Structures are given as structure tokens and as C-alpha cells.
């Protein structure tokens, strides 16, 4: 392995719910293009930590975060908490996938095209090319190419989760946050998604919250243990 | 151990919800004065089975049962599904306790006195004697004797569950059906209730639905496994 | 009959409805009677003269008031007994702030039919004229329509109000209003309009100079009897006549 | 025991059959009483002619138009306002003010209509008269403004209910993909909550049509067909209240039942429509 | 950024709407309070009669709100007297007895009844009265009894639907508790189901009371009049607070009557808000005080 490259610098990060601190004084670095897994008992703040990396907590009632999170999106480290930093820009570069797959109530095609539409992309050819690519990359293309116009909620759980990953990947984010993405899936689907993550690693930095030690052992390069509002590297 | 005595004969029992069969052709016997536990995956029909034993399904929309269930209440086996069999008589002799404790919206005292009132008991002294006895037998007397006039819903979960058992026991039923009676309780309460069941075994036949294998091992004498609409004895 | 007559009456209810011009007098009389004998209950509703005649005819009330003589057809159909206890006029009124205080009969007809639409044409402000009128059941309206408007049209743009009282407060509240009320209702919150040179006042009505005049009647089904009869007698007694004067009407002799 | 149970069953079902019968009786009674008009040749005139008893014309067209006009204008005023307020409660949701607004809106449901009418007469009408330098101030606009306040809580509460019912996972998906609030509203909330919104609009419209006091007190009640919002107009409900004193045998009185039937049918259609929307999962 | 700009506009729009609505509501309430607070006093209610005499019905009150308030109270008591048993029984039937189709049809009818404009219900009441007067007994007039019957039809659907919904929302476990102990269906309903859903039902009832106290359109067609004094029998006409307000608004004779109108409006507003508060309180109290473990 070559020299370690750092993708995210987290300095002095605190996180609160309704004034109660969940994370205290976090100072860690996250390596580029590897899978970093975060483990720890339930309710410790793993999900909260992910939300600090794309500022998703700003949409949650009663949540606050302070500190600096610097991410290098190719042009040097920039503090994403800086006032002028655009939220939608950030979220496009930091994708996120949730524990329970959450396809939007529209067709499979439109689900993937949705982030492009949000970005203001108008060119239909471009969009369909990108959708196809994203689906291929998440091993879903073969399974859905004949039913792109069906409602995405008719897919199986594992397919839905891959759809959500594809949706997150269509904007080519440099960081991908995964919050227990396989915990509601059956064994086979889990394997397919793990495979997918290993593939994706080459093009983005993956942070994976997982309850399953086996899984962490199988695919993670780094492991961070969250306990007592702090991280312990292992 | 002496010769096994049979309490309940179940022959050719079928159970349906809205025409969909849940239990098919059940033929089993249940031993007298022991704890028989019923285990099996969720949604297999364990609760439904209990309801066939006191005809409680008759109060549930869309449920039907066919077959014969014969119980020996001391004067030979009688088919409880027989047209002439009185429902209230049956329910007095077959007590039932649910997973979530369900005290009635009245005082502690009245909760226990309620079944007596339904039976038409008028003599207040008799009632209060029976209430006290039932509470003592369920190890609850000491805890509630000073607050008999408080609303039963102010008790803790474990206390409520014991209250419900006491309520079921006040009519001295010969069969006691318990539907996961400890699954919403903490460890200590669970132990108290298990102790209670072991005590009660001497005076009634207990059928216990439980998810916890540990618990089954600890207190059950017989174990019935429900799967694929059928029982398998183990 | 004097008030004392009511003292001996048993507990009972007297229903009165109809003409709204009558209401102040009715209220005062009822108040005095109910004070003397709290067992009596006298209920007073409006509705207009038409309603009063119909309701008493149908037996829904004991006394039905009307601000016009019941028509012969009505009298015959229901067998009404009538008591006329006051004389009253119907005056055109405007808001006191309105400089236009005199009109000719022709002008009045043109205003109500909508031909003259702004006050400017009459020397007032440059604002549209807001006409207020009553519904068909009103005795005040039928007298005004017959005697002041010569049965001319009333514009369908006119706003509707349901009683003499409501007419008065509508005109009080609207500086560009024109309407018509019973002379007894006129006080300083509304300004009477001089019609063809005659100002509607108690005196001009009494003297017959002001032509748009009418009687105030109370009707019963058949000849009045019982409490209704006593009530009528009270209205015609000296004390009753005092009330009539007090409320701005002219008692009949 | 058995016997008691059976009797109780009869009592309960009897009560509900009676209550249901009332609903039908209201319609039935009005139809019977208006039969003379329905049967006669005037019926068609009734729906098209103007109202002018002096000339023997008893049309209720101006009232139907007045009812629709006033309700529509009040809806036009109230709808964006209500939408904005429910966006405030469910989407913008500033901590304190959001909850406060909800409380205020709930409290608004308790304000009596006659109070709105009263305030309309003494506060709103003079303001309208002076601002627009036209008419008496008793006009469609005044009535619609007050009605808008009356129906706003119905809409706001139903709107925010249906906003809140949009699954959180959809909202999370949009958030995580970098969508902003407007996009969230446009692409996810509105497509999912439109049934609730439509239901709210229908019920509020029914409420506006059915209200008597506000229109009676501040719309002027003239019988001409209105041509602008500053014109005075009469609603079907106010018409009933005004004409009720008429002779029971007259055509005027019988026409009231036509008004009643019209109102009954219009609101019932609304209810049926709203229910059919509500039943399907949104 | 364009994105942000849209967001800001949406926020500003929603703030403006909120501001407009709240201002309007406070204008309405504030206007009444500012103009009316001076009028609110014992004299407003009892005029020159001694309150004690008035309350004991020894003397009639003239020029005060007392008769109107007494009328409204009798109206509310009577109509709830009719609507409550009928509504509760129908609600129980719908929730516990009715087969699916019947339930569907009846609840549709009750929804329609809830949507019927109150003036139409008033018209119904009025024409029934005339009908009875003509064909049944000359002694039937629009009166307190008729008005409260009509009002009870108006609030019936509210009571039915809240009863039905509170009963239906009880979890299966609660429903099965008493049958398990040998209770019959009726015992189950009266001893367990109704007490368990009491808070929902009561707050529905309080709102229905508010509706009775507030409605004007029904009573102006069925027996409310300008002057009647305290109602002496259910067969007489009556005064009522909302009708009084309507009457004063359109035909106050002088300033003091106008002030009475303001006072009456303020009092009615306070009563309605009070009833609303009570209903809200009941819901909250039952929801929080007793931990709901089901």
C-alpha cells in the first residue's frame, strides 16, 4: 500500500440533541478511497456522526453541531461548515444511503434521474446515459432494464438498496456515507452490496456504519469504534 | 413422575382468518397441571391457537375455528365448541393473560373484583377476601395493599402483569393461557413472574406462549413447536 | 286597562311578531307588564308586517303587528281583528353628513330606480348612491313604495335590510346611503329628507301635510281575547298612549 | 344476559337508523315541500330568472351565482394563505412560532361565525368602503375576506396533516441528495399530499358555501347579478334567512326549499368527493 | 445561488402568510377586546336588576344579556340532552355492531349530515314545525324545543363520529380483556370500551356544546326572537346570545345598545374559547396523566 492520503479532517467536532451532547470533541482523519467502518453500541451517535459530514442534521429538529469538518474535493481542504459553503453542492459531493432503503414514490428511472433533475440537468440524452451507467455500476442494470418505468417500490429490498446506492452515485460523489445499509436485507443481497462497495472504493471514500462485525472484517480497511461520545481507532 | 393425566384433547382443529387458514388439522393433547410451552416463529398462529382454547376468537373480526376441543373440568371431557356450552362459564374456567399487560381503566381493587362482579357475586366481604387472596398469590399484595384505590394503570409494567395474572386467577380457572406474558418486562419482573407460574402449576394447567428459549428451558415441562400450521412435539 | 289588570293573570306566554316599526313600543309595554307580573312572558319578534299578518292568521302568534292596513283579502281569509293604535309616517333618510337634505318626488323615484346613481348629480359628493331597501314583507316598504315612489321600480342593486332598526343603523353607518324608516325611528343619527318641500316630522304627519303616512296596527285572529285583549287595551290606555308618544309616534284618539 | 344484549343491539341500531333517517329526511322533506315548484313550468325559470317578486319573477340564479362567487373568492384568498401557513408549520417549522401558529389555528376553529360577522360590520365594512371609494362596503369582497378567515383553519389543519403524512424516508432522500426546500415541496410533498390538499379545499369550500351569518351580515344582500367583487350580492343561505318570513303559501316561500335542496346537493357532492379522495392511500 | 434564492422566497412567503393570518385573527379578537372590554360588567348581564333576583328568576331582566345567556344555556342543555344519547348509541352501533357495508353507508350519511349548512337544518326544523302546526296541533310553534331538536341534528354527526372513532382506535388487546374474563358484549362496551375512550368522546362532546352555543342560523329560523325574557317553558320562544349579537349588529338603537353588542360578542368569544380550552385540556390530561401502556 502506498502512502496514506487524507480525505476528511475533523477537528473539534461537537454534536448535540436538544442541548444534550452526543459527540464530544471529535478529532479524526478519514483516509481517501478506502472503506472506513464505524462500529459501536446502539444509540451512541453513529448515525449522528454521519449526519455531521453532510450537514443533514440541519434538517433535524433539535440537532446542532459545532466544529470544523474539512473535506478535500480536489481543490484543497475546505471547511464545509463555513457560512458560504453551499449546502446542495456539499450534498452532491457527499452521498448518503440509509439503513432502510428509501426509494422515492416514482419510477425506477426517475428515482435515479431525480438528483440530476435537482441539479438542473435538462438534457434527456445525458440523463438517460447517466442513469444507465449508475445502474450498471450498482449491478442492477440487468435486473431492471426492462422495467425502468415501474414504480421503484415494487423492487425487492436488496434491489431497492442498490437503487438507493445507484441514486447516491449518479452525481459521482467523492464521499459515500452508508448508515447500516445492509441491516434490513437477506444474506444474498448483503453479499451483492458488499461486493458493490468494494468496487466503488476505487472512485470514492466510503464511510460505513455497521452492526455486523463479520461484515466489518470482510470489507473495511479502517475501523473506528464509537463509545462514550468519542472515537477509538482500532 | 406419576402417570400423565390429560387435561385437554384437541381434535381436528382448524383456524382461519378471513378464510385464510392459520392452523390446519391440529390433533394434540395437553397434560394436566404442567406448564406446556408453545414456541415458533412470529406470525405462525401461536396467539390464534390460544384463542381457540377459550373461544376468544369469537370476539375478533374475521376469525373462524372448526373442530373439537375437549376439556376435562372435573366432570369428564366436554366439547367446548358444543352449541350449548356457555361462553361465560368457559371463560371463567380458562383464564388468559396477554403479552402487554392490560389493566382495566379502574382501580387496582376493582380490576381484580371485576370478574367476580361479572359472575354476579354481590357479597362485598367475599369479594374483598378473594381479591386479597388473588393478590397475595400473585406476590403483589405487599406492594399494593396501601394503594388499592389507585388507578391500576399507575402500576409498573411488571406489577401490571402480575395484576393481570391475579385477575385471571381470581376465578380459580383450571386452565391458564399466557400469551408471551413477560416479553414487555424487565429482567427482575420476568423472574418474579416465572416464579409465580411455577407456584401456580400445582393448581392449574398452564399453556405458555414464549419467544425466549431460555425461559422455556427454565420453566416449561412440555414444549410444542408450531410451524407450517402444525404442531411438532419435541 | 291599567297595568294592575295584569297582576291577576296566570303564568302564560303572549307571542307578538311582525312589523318592526312597532318594536320599541311593544318592548316598552312588555317590559312594564312583565315587571308587574313576572309570571307573564311576552316574546317579541320582527319579520315585517307581512309576516305578522300571516303568522297571526295561521295562529303561530297571538298578536301580529303590521305597518299597513291588512288587505281585504287577508282580513277575509283569516278573519282578522285589527286595532290601530298609532299614526306614523315613512321618511326618506340619509346620513347626517350628507349635504343633500331635500329631494323632489321625481328625484326620489329616479334615485330608487337607479336612474340617478351618484350624489354629485344632486349636489353632494362624487360618490355612488347606496340604496337600502326592505323585503316584500315590510309594511314600511309597501307604504313608501305606494305613496313616495308612486309604485316606481326599486333598483335590483339595492342592499337589503330586515327591519326599521336595521335600516336606521345601516344609514347611520354609511355616509352615502339613502333609505326609508318609520318617522318614529328618526333621531340625530339619521337625517330626514324633505320631500317636495315637506319635512317629515311628527307635526307634518299629524297635520296631514306629509303625505307618506300610515297607521300602526296590531292584529289578532278573530276579535282579541284573553291576554292579547288586555295588551291591546293597555296600548290604548292613557299609559299606553304615553309610551306611544315617548317612542316617537302619534297615538290615535 | 342474552336478552339484555339483544335489546341493547336493537336500541343502538335503532338510534343509528333514526340518525341516518334524519339526514335523508332533511332532503326528503325539502323535496316534498318544493314539489309544487318542481312540477310546475316555473321550475326552469327558477334556475335562470332574476329575483323580482314585484314582477312575478322568482329566479334564484343571482343567489347561486352570489354563493359561488363569494365562496370562490374566499377560497382564492384563503388557499394561498393556508398553504403558506401549513408550509410554515410543517416545512419551515421554526421551533416556537411553528407550534404557536398551530395552537392559534386550532383556537380559530372555536371563534363563532357571528363574531366574524359582527367584526365585519363594524371594522371591515367601513375600511373597504373608504379604501375602494365605491359602494357601501357591504360587498362580496368584505364577506369573502371574513369567510377566508373562517375557512382557513379547516384548510391549514388538513394540509399540515397530509404534509406530515408524507413518509420521512422520502424527505430524507431529498435532503441527502442536496434538494432544497422548494424542490422537496414540489417533487415529493405536493405529489404525495395532493389528495389531502384537495380534500381540504373541498371541505373548506363547503364550509364557505354553507355559512349564513357572514354573508347575511356583510355582503349587502342585493338581488342583482354581481359583476365585481365590490358589488353587493346575496347567497342562497342569506336568501333563506331573509325570505323565511314570507307567506307560507306563496311561491317565494316554496322557492326556499329549492335553495335548500341546491345547498344540500352541492355540499353532499363535496363530501362524497372528499371521501372518495381520502379513502385511497395517498 | 438560484437554489437558495427559491428557498428564501418560500420561507418569506410562508412567514408572510403566517403574519397575515395571525394579524387578521388578532385584529378580530383585539377589536372586540378593545371596544368591548369596557362594556363587560355585571350591569351588561343584569342591567339594573339585582343579580341575585335575576338568577332566582324573581325578577325579569330588561336590557341585559341575562335572558339571552339563559336562553343559550337552556338551548345547549336541551340539545345535548337529545343529541347525546342518540349520538352515543349510534356511535356505539357503528363502531361495535355494524357490518362493514352498513358502517360505510351510515358514516357517509353522517358525513353528509355534518356538511349540511346549518340554515338548511334550520329550514328543515321550521318547515317541520309549520307542518305539525297545520296537521297535528295548533299548539305547536317555533320554540325552544324545536330549536334545540334542530340543533341536536346539527351536532349529532360530531358526537357520532367522535364516539365511533374513539372506540375504533382502541387496540385489540383492550377489546379482548373483558371477554376473556367472561364479560358479554354489552358489559364489555359499558365497563371497558366506553371508559377507555372517554377522553376522546368528552372532548368531542365539548366541541359539540361549543357548536350549539355558537350557531345562529338554525335558531333564527326555529324560535329565537329579539325579546322574550328568560324562557319559562320549552314551548316558548327564547333569546340566545349569538342571535342577540346578530340582532344588535344590524339594528342597535343607540350607543349603549351597540356597546352591549360588543360586550355580548366578547362574552360569546370567551365562552367558545373556554369550551375549546376545556376540550383541549381533557384530551391532554388523559393523554399524559395516565401512562398509556397499550
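What to note about this one:
First chain written, first letter: the chains are A, B, C, D and E, and each begins at residue 1.
Throughout what follows, a residue touches a chain if its C-beta (ideal position, glycine included) is under 8 Å from a C-beta of that chain, and two chains touch if they have at least 3 such contacts.
Here's who's who by UniProt: A, B = Phosphate ABC transporter ATP-binding protein, PhoT family; D = Phosphate ABC transporter membrane protein 1, PhoT family; E = Phosphate transport system permease protein PstA.
Note that the structure is a prediction, hence the values are computed from the model and not measured.
The chains that touch both chain A and chain E are D. The minimum number of touch steps linking chain A to chain C comes to 2.
Chains compared, chain A against chain B: the Cα-based superposition rotates one onto the other by 175 degrees, nearest 5. Here the spacing of chain A and chain D, counted between their Cα centres, is 48 Å.
Separating the centre of chain B from that of chain D, both taken as means of CA atoms, is a distance of 54 Å. Chain C and chain D have centres, each the mean of its CA atoms, that are 36 Å apart. Chain D and chain E have Cα centroids separated by 18 Å. Counting partners per residue, chain C has 58, 161-162, 170 as the residues that reach two or more other chains.
For chain A, the set of residues that touch two or more other chains comprises 88.
Counting partner chains per residue, chain D shows two or more touched chains at residues 1, 121, 180, 183, 248.
Across the complex, chain E is touched by residues 1, 4-5, 8-9, 11-16, 18-20, 22-26, 29-30, 33, 80-85, 87-88, 91-92, 97, 101, 104-119, 121-123, 149, 152, 180-183, 185, 203, 206, 209-213, 216-217, 237, 240-241, 244, 248, 256-257, 260, 263-264, 267-268, 270-272, 275 of chain D. Residues 11, 13, 15, 17, 23-24, 26-27, 30-31, 34-35, 38-39, 41-46, 58-61, 161-166, 168-170, 187, 189 of chain C are the ones that touch chain E when the two sit in their complex.
Remark: chain D residues 50-54, 121, 125-126, 129, 133-138, 220-224, 231-232, 234, 242-243, 245-248, 252 touch chain C in the complex. Interface residues of chain E, counted against chain C in their complex, comprise 57-60, 62, 130, 133-134, 138, 141-142, 225-229, 231-233, 235-238, 250-254. If you check the complex, the residues on chain B that touch chain E are 54, 56, 59-60, 87-89, 91-92, 95-96, 98-102, 104-106, 114-115, 118-119, 151, 153-154, 157, 160, 167-168, 171.
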